[in-house]
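Each of the two complexes below includes chain A, the first together with chain B, the second together with chain C.
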Partner chain A sequence: MVGAFDYAPAIVLLPFLSFLVALAGGKYLPKGGAFGGIAATAGSLLLSVWVFLTVSGGETHNDTLYTWVAGVSEETVSLELGLLLDPLSAMMLIIVSLVALLVHVFSLGYMNDEGETGLPRYYAGLGLFTASMLGFVVADNLLMAFMFFELVGLCSYLLIGFWFRQEGPPSAAKKAFLVTRFGDYFFLVGVVAVFATFGTAAFAGPDSFPHIAELAMPGGESPDGAVNTFGFDPRTWFTIVGLLVLGGVVGKSAQFPLHTWLPDAMEGPTPVSALIHAATMVAAGVYLVARMYGFYALSPTALAIIAFIGGFTALFAATMGVVKREIKQVLAYSTISQYGYMMLGLGAGGYVAATFHLMTHAFFKALLFLGAGSVIIAMHHNENMWDMGGLKEKMPVTYYTFLSGSLALAGIVPFAGFWSKDEVLYEALVHGLGGSTLLLGAYAMGLVAVFFTGFYTFRMVFLTFHGEPRTETARDPHGVRWNVKGPLVVLGVLAATAGLVNMTPVAEMLGMPGIELLHKWLAHGGIEMTTSEHYVTLLEEQADYHATHLSPLVPGLVSLGLALAGAGLAHVLYNVPSPERHTDKLGAIKTLWYNNYYQDELQVWLADGVVRPLARAADKFDQGVVDGVVDGVSSVSLFAGGRVRRIQTGIVSNYAALLTLGLTALVLVFGIMGGWFV
Partner chain B sequence: MIIEALIAVTFVAALVVFVAPDEVAGRLAAALSVLPVLGSLYMWSSYDAAGNALTGGSVAFETMVPWLELGGYTLHWHVGVDGISMPLVVMTTILTSLAIFSAWTPIDDRQSQFYGLFLFMEANLLGVFMALDFFVWFIFWEAVLVPMYFLIGIWGGPRRKYAAIKFFVYTNIASLVMFIGFAALVFGLGDSVSSFDLPAISRALRGGELGSLYGVSAETLKAVAFVAMFLGFAVKVPIVPFHTWLPDAHVEAPTPASVVLAGVLLKMGTYALLRFNFTMMPDQATAFAVPIAAVAVLSVIYGAILALAQQDLKRIVAYSSVSSMGYVILGLIAYNTYGVGGATFQMIAHGLISGLMFMGVGVIYNTTHTRMVGDMSGMADRMPVTTGIFVAGAFGYMGLPLMAGFAGEFFIFKGAFASTVHASMPLFTAASMFGIVIVAGYLLFAMQRTLFGPFRLDTDYEVTTAALHETVPMFVLLLCIIALGVDPGLFFRMIQDAVNPLVGGGLP
Partner chain C sequence: MVPPQWYLLLSAAVFCIGLFGILTRRNALLFLMSVELMLNAANINLVAFSVFWGNVTGQAFSLFTMALAAAEVAVGIGIILVLYRNFKDVDVTKATTMRW
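== the complex of A and B ==
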């Protein structure tokens, strides 16, 4: 019988088709090819739902679809592309295709209605972006994941640099690709190392590399030396490989220190920002760690590093979000910070918690960006929050949906972000208390960041929507249509309710573990060895992660209290008719935060102050010394020197004739000697 | 006989074009250049050989007739193709034909001679890749230099004479060094071979039949010959530090010549390294693994850093070729299926991609009359199609998956990391891979400054959109690059088949 899995390749191919259509014929299509994109992503969404339902019936799919490179001899490894459809990827497919569909619809309002040119290029880019991300999500091996990871990077380049006639966007696009490429370098070394170590890069199944790694651990079933660990003991080598792959994750998911591309990427059109931040590029990094969690679970060192990068990034980015003036900049830093939480969750042994946060964040961050886009349309493309104020009455739909997203971002009960962020922190706490004390440091950073998050989120809300309008534009904003409001409403509802699928504290309180649907979803029915249950076992056996039993209520109340405190402070300071620039009182700290800890200056200095002079010096050396020797040898030699002089003053065709004659003569002599012409 | 026909048709086409009037020479050459393309595609489609031509595998379209006797050695007219040479032949005909189309705009002087020399060069290049007798091979090998010398020296830029002579003398001296090395080997083999037949020599050398020569032990002789031949071919590739002729030649050469110079002529060096050094003396290759891997890494990183410093678009692409050829060397020294096979695949991939990049630079130059990064900005506004193809090509160069460059580089990295020739190979591999970051750096910076931003041009020319005969060849190349990226097996299957016997059966 033909089932959902037979149609699953179309999930990726439909948006790809819309890319081709928009690229080739967008000029002749209404709305620059937008409808093709909408139809394609809607189709992907429907098929994803079908796949989701099939997976929830207990079926999974893990099979090769296309042999990219076939090994001719038996011993040569074939490189394949295939589909891995299990609870994790089925869930992610719905998130990606839903957000992509809403972004396409929203673009009608943001791009078409605003009279932008170059729409076919825009919709082609969106289509390819969606297709690449969907391809990444269903990838059944690390090489395929890398390939689509790179295509995602290309699409971000094309879309961030969409307005190529200005100075800013091409520069931001270049930075995004280059910084993430730096991370991808480590990723690619990791891919190659995985092949060299295991001879396969498959994610799931008995012949998958996480499973082979598991068996090769001390005490595992494989004999010593079953895999090539390059002279290291297995755990050390797997840690190294895991950290190499993590390089790509840090780049794409904008974790410290490779986060600097993300705020610049705001130069792209706002719907693209929504897509990048919520469901595609940035999500790809975290998703990859979740996808191969069975491998990371073998290495406590790698996990601790992931947790610390995450905790630090969550706090670090949140502080910068406090002082930004532009609405999209605040959101950009909030994205970095929120992905920090996901990394913290993964590193702390909270596989389900991190995946949960990935899902809720996708909804509320897409919502916030689209809401910001709606505000930007209304403000005639002015993004400075200090020029806004009082938009609440003028645009109620945008306001209430944006508020829903903000409550979720700040982590206020019962909005989606509360449940997921709380669970991430809870996992860090219980595993920290359970013996992995290092995690407590990461937990502390994450906890402090909650306060900052509450503050900057509501500072943004109050400055944008509350108080008196501070400019003419804010007094008389540009209206938005259904194509903007529709996606906002859908996401607004999701941001409010998506957290209900996994209310761990409530389940604990009522003694009803049955309502933790996501836990059940990721634990049940998956492919053996990629279920969350197996990961818990692995964490305990291999990484020595043990959860203390602790009621989730108290930690939940603590983080809720901090979020409310942050939001409350913002309320006191900014929810007034004419707010002042209170952050100025921070003095030097504000300058430091506003300038992003001078991270960008550091990178510019690296490029202009180190790499460029180095390249110029190398060029001088090459011209002067390496080539100088060549020229020197030729001019020292009298014979060569004389010949060069003669040719340089003579006529080239003379030399031509000589050469040709000489060659002909040579061939003739040999020909006659060999009796060719007899 | 198809090989003889292919070479002969190309020679005749060269002659016909040479005597044709200038006005029609371009069109005539383009039309005639399609014949070798069809011929090579026919060969490719009916290719049925298996194994490596030099280690006893079957050879496709083989001809072997005694030609003449020379000092006790029989010279044969011996030609044929196997899985390593077949893809190179196809790439040569396609790239040359497309380069001829792209020459219509820039070449406005002595056209019949230009196109005649161009086709003459193609015929010799085909000969290099299909010859299986050293003597025949060497004639073609040397004869390639002559037309290229004139193409640079007559139709080149301001310093064309310096560049042409540097190219000619440098590579010729290198050929001499190589020739001496090879001759020593043949004499060292003594009575075990009585011809310059490459398969016979290869089998004898691999079979350990090398004897001492004038009191020099077989081992020393082999090592010296290996080094001499390696140095000789290294200039051609070029491998750092023998690369300095290349940027000069590229900058001065007319763009269509650059296309073939980077696309095909450089591959002569790597092809010969594979056929001679790595096929005939695998033990020496392994013994020299560390220094060779080191120069490979040096070529990749140093070449890329030099590309970073350049302001001339053509120089950027020229140095990037040095970098890409470093990968090929790394793949060869890895000495396993993915390494050597990847190196061969990368020869094709780089040929197509660098050809596309040079064409792109040429199209921009034709309308702006400058190649300096600082002289222009925002060309995308005026030349959208060219920009689109250029950007696609640049990402191909950066190794974007599903394009040929990624396949080639990934095979090499995969092979080299897992290579067993020396314990340090993973480190060399990881070091050379950093080239993928630097290449993104210089290409993205160059594109940002020339193609994007507000439109500005510092020369007094009206920017016009490119003609069809300029964009269509680029588009065709792009399609080839994508086709090979999506299905590398188009070539990689026969490449593996020819490489496996070298590296001792299939290896992971």
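== the complex of A and C ==
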């Protein structure tokens, strides 16, 4: 019988087809090829839903489609492309294809209606991006994931630099490409390390590398030395490999210290920001950790590092978001901060919580970016919030959907972000109290960030939509059409309701564990060894993570209180007819935050002041010593050749004499060796 | 019967005369003659040992050597002609264009 899984490759291929169509024939198509993209992503969405339904029926799929390098013996590895469809990837497929579809529709309003040129290139980029992201989601092994990871990075480069005739976008595109590539370099080394250690890079199944690693741990079923750990203790080696792969994750998910590319990436068109820098591409990093969580769960060190990077990034980015003037910049820093929460959740042992936050964040952040796009259309492409104000009456649809997204971002009950962010923090707390005290530090940072999140989110809302209009444009904004409002409404509803699938505090309070749908979804029916139940066991056995029993109610109320305090402060300061620039009162701190803790300058200094002299020294060594040796050898033979060639006199008698001498010498040597003269 | 060492001495003497000619003469024709002497020194050895062992293979072989020497002379004289045409001389030490 032909089922959903037989059509699953088409989920990836349809957007790829739209890429080819837009590239080849976009010029001749109406709207620059937009409809092809919309049709393709709609098809992907439908197929994803079908796959989702099939998976929820208890079926999973883990199969190789194509072997592009076949191993010849036990010692060699095979490189394969395959599909892995389990609850996690099925859920992610829907998120990606839904957001991609809505962004395609929104682009009609943001790009076509604004009379942009180069639209075929734009839609080709979107199509290729969607295809590669979907390919990444269904990847069944680490190498395939890496390949699509790189494609995603390439598309990001192409789309950020879409307006390549201006000055900012090409440089931002290069920065995004190089910074993420820096992280991917470690990822590539990690992929090779995984192949060298396990001989396979499959994510799931009995021959997958997380499972082999699990058996190879001390006390596992495999005998000692079953895998080659290069002389390290297995746990140490797995930590090293995990951290190498984490390099790619940190780059792609814009975690400290490789976060600097994301705010600059806002130079790209706003729908691109929504698709790539909020909902999907940055999600790739977090998704990768979730995908190979069985591997990370073996290493408490790697988990602690993930949790700390996450907690720190959450707080770090949130503080910078407080002082930004441009609406997209605030959203960019909030994106970094929210991905910090996901990393915190993963590092703290909250696999389900982090996945949950990944889902809700994809919806509400795409919504916020699209809402910001709508505002930017209305403001004739002015992004400065201090030039806005009072847009509430002029664009009610945008306002209310944006508000829904903001409430979700700030984590106000009952919007989506509350449930997911809260669960992340709750997991950090219970595992911290349960013995892994280090996690409490990461929890504290995450908790403080909640306050900042509430503040900057509502500062943004009030500055943009409330008060009196501060400029002529804000008094008479440009209208937006259905193609902008439609996606906003869909996402607005999702941002309000997506959290309801996993209301842990409510389930706890009412004693109804049945309503935690996401927990059930990830715990059962998946491929063995990749269920969240298995991960919990692993965490307890290997990483020594134990959850104390604690009602989620009190921590939930604490973070809700902090979020409300932040929002309330923003209300007091900015929800007035003509708000002042209160952040100026912060003085030096504001300057520090506004300049992003001078991280860009630091990185430029690192490149210019440290790496360049190093490179120069290496160049000197190369030019002087290495080339010197080579040149020396050649000049010795040149000199010797110049001398030796003089025996070539051209006089035959000399040659004859040399021949005779040579023969005599040979005879003498033979004679002495042979003992003729004794 | 004459013992073979006499033949060997004769052959060595002829060979050395040829070698001496090659090392000291400058005339290309004398060169050619010296080479002939050296070849025939070898022939003497072949024939002498053939008689000594009562085996005709050596004598047959010396016939081949003579045929070869004739061919060599043909080629050699050709070369000397060309040498003369190009350098107006048969002095081998004058033709030194193929040098370093």
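Some notes on this structure:
Definition applied: the second predicted complex is superposed on the first by the 601 of 678 C-alpha atoms of A that agree within 3 Å, B and C clash if a C-alpha of one lies under 4 Å from a C-alpha of the other, contacts with A are read in each partner's own complex, and residues count from 1 in each chain.
FYI, a contact is a pair of C-beta atoms (placed from the backbone, for glycine too) under 8 Å apart; a residue touches a chain by one contact, two chains touch by 3 or more.
Quantities reported herein were computed from a predicted structural model and do not represent experimental measurements.
With both structures placed on the common chain, the touch criterion links A:230 to chain B but leaves chain C unconnected.
Applying the stated contact rule after C-alpha superposition, one finds that A:7 touches neither chain B nor chain C. The partner of chain A that touches more of its residues, comparing chain B with chain C, is B. Of the two partner chains, neither chain B nor chain C is touched by A:50.
Judged by the document's definition of touching, chain A residues 648, 652-653, 656, 660 lie at the interface with chain B and also at the interface with chain C. Of all residues in chain A, those touching chain B in their complex are 67-77, 143, 146-148, 150-151, 154, 161, 164-167, 169-171, 173-174, 177-178, 181-182, 184-185, 188-189, 192-193, 195-196, 199, 228, 230-231, 611-612, 614-616, 618-619, 622, 626-627, 630, 634, 640, 644, 647-648, 652-653, 655-656, 659-660, 663, 666-667, 670-671, 673-676.
Listed in rising order, the residues of chain C touching chain A in the complex are 19, 22-24, 26, 31, 92-93, 95-100.
The touching residues of chain A, counted against chain C in their complex, run 645-646, 648-653, 656-657, 660. Chain contact summary for the complex, chain B toward chain A: residues 67-70, 75, 139, 142-143, 146, 149-150, 153-154, 161-162, 164-166, 169-170, 240-241, 243-245, 302, 305-306, 308-310, 337-338, 378, 380-381, 395, 398-402, 406-407, 410-411, 413-414, 417-418, 423, 426, 429-430, 433-434, 436-437, 440-441, 444-445, 447-448, 451-455, 487-489, 492-493, 496-497, 500, 505-508.
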